[in-house]
């Protein structure tokens, strides 16, 4: 298969999106369709630029990202710590099994009303939910990764008479790192999704909230602009994490588990 | 070995009970305001009351129905489109870019658009659930199809099997492990979006119920609802695990 | 280029059921096979040997219709082979990849019968007969994952027989099995072939196996793959693991083949 064939397939993929955008533009413009739900792609672009210029886009993005990142930082760290404990101490893992399995299935959004009660609207509400959501994949992946460490490595640690602290930092964590990074990718994606979800559902800040406002104030162009922007954000975060993974862990194992996690 | 497993499970259960007792102690000592944290006793009685007078059953069924219908719709769509992409080079060429573009979009971000088109209706919630829950199954089907060993396709060609037969008898069974794992994930997504949809559109279900309970400071009802949602998540995952174990018994029996 | 092959026999070769005429295969810049002329008569058991990489498996895939020659032609019953067909059954070496792991042995064997449109009871009866033929009676409900390599290979053979083929193409079918299982299967297979009078094309790297099983042994030279030697095996049938292998004719053929391979690999 030559490069020409590969290029041909590339172009075919663009047919559908381009056709849809063009069709939308034509439909709205030619029919003079004035709707509360549809806007021409050109109008959407204008709305996006307007939001960029008057600062709403950036402030909303900052709010969403701040909550996502903060929640991710706390939740992921917590998850890794718990996963490490459960991975290394089988007894603790087994004793905590019922408790964890009882709490884990609770949908993060179900905690929104509780967090709403405790924190009211704002950053802390969102961060709390993101923490709960990102905690679990981090914990599970870390636990699995650590359990999967070849017993040989632990024998080496014993032979070298490493202290528990040294053992964790010099052997356990480096060995589990590729899979933990995959968990980070997954949790990062989840953090954005959950943040937006909380904003759409209940919060007064962020991109999700702005989208709801645009919808209820009948500004479909702004709503769609924010929608596309959120998608772009999600795509950028995924791409950035994938790139980081390729740079940091150029091994096929991480890639394989990464593909499955995607 | 089974007895040891039962023993650890029992011990684990006792630990969980311990946490519940701790919870009760904190609530009794009013270390946290009862407005935020009802004791397990109050949550339990709210649960019992809710079932006895039927409200909780009604709300629960609402959520369950929404979740299951949305999930079934998403799964059917995901498998069909995934199979199409898996089996047809042309379909893959035309559709894969669009899919890659739409995939990173959080389903909840699509909610305002869905509301714009469908209002605060049942179909809005269902379409949002379907939109969010379709991805894992779709991707798993495509991935599964792509990993079928070429040898099996050669056998199929030699036998003169039709494309449909190849999908039904070779590609789909081969992809079952991936698809089942994806179905579990999409069920979780369906539950989440179902709750979100209920909260937003005030549809009859646990989502709207717990939001209302929070707004009226009825924390025991709130906790009862959250517990029910946790149970829903747990039981649905377990049911799927059972289905998976039964469907994939050729794998476990094959372990020699 | 259509061959007629309808009774107007000029030479014995016109009776051939499977034939390669000047067949060659070039992939990219590599010439894999060149000028292969081979005619296989109905009911004949032809074995092909050669050093690694000489193109034995490629030759088999050409005969199977899984690949098309870039030069010359491959014909089955006189007509050019364009695609794989049910009449020419292929037994692959990697039986693990050729069986459906989620189906029981019986269901695997039934696969061709389903495609052929047989009714359920007919299928069940036929499957039972076939399983008995390959010595897997009573193991029909096992999954491939629960079976040994030898059993799995027998399931594959049974499935191929279910196609009621006229020709069996076998790609080192016993290569992945231990010696004892291999010898047992060799004899079982000879019995099968005799019973069903199936034409067989058998690729192997085991020279003794080739002589033991075949009516004719073809040796390929590598780079590019071409016919180097063709020996007629004049040993009596039925073959016997002990007596046949001690027959002076067997030893003579063995010597000839060993020398050929030694020269070919040099």
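Letters A, B and C name the chains as they come in the text, with residue numbers starting at 1 for each one.
Heads up, the rule we're going with is that a contact is a pair of C-beta atoms (placed from the backbone, for glycine too) under 8 Å apart; a residue touches a chain by one contact, two chains touch by 3 or more.
Quick caveat: nothing in here was measured; it's all calculated off a predicted structure.
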Indicate, using Cα centroids, the chain positioned nearest the centre of all protein chains shown.
B
With respect to inter-chain C-beta contacts, which pair, B-C or A-B, contains the greater number?
A-B
Where the centre means the average of the CA atoms, what chain is farthest from chain A?
C
For chain A paired with chain C, centre-to-centre distance based on mean C-alpha positions, whole Å:
54
Can you check how far apart chain B and chain C are, centre to centre, with Cα atoms defining each centre and the answer in Å?
50
With centres defined as the mean C-alpha position, give me the chain A-chain B separation in Å.
18
In their complex, what parts of chain B are in touch with chain C?
149, 151-152, 154-155, 157-161, 165, 169-170, 173-174, 176, 248, 250-251, 253-256
Per the touch rule above, chain A residues touching chain B in the complex are 9, 12-17, 36-37, 94-99, 101-114, 116-118, 189, 192-193, 196-197, 200-202, 207-208, 211-212, 214-215, 220, 223-224, 226-227, 230-231, 234-235, 237-238, 259, 262
Interface residues, chain C side, partner chain B - complex:
64-66, 83-86, 88-90, 92, 94, 97-98, 100-104, 111-112, 114-115, 143-146, 163
Listed in rising order, the residues of chain B that touch chain A in the complex are 8-9, 11-13, 15-16, 19, 35-36, 93-98, 101-102, 104-113, 115-117, 139, 143, 188, 191-192, 195-196, 199-200, 206-207, 210-211, 213-215, 217, 219, 222-223, 225-226, 229-234, 237
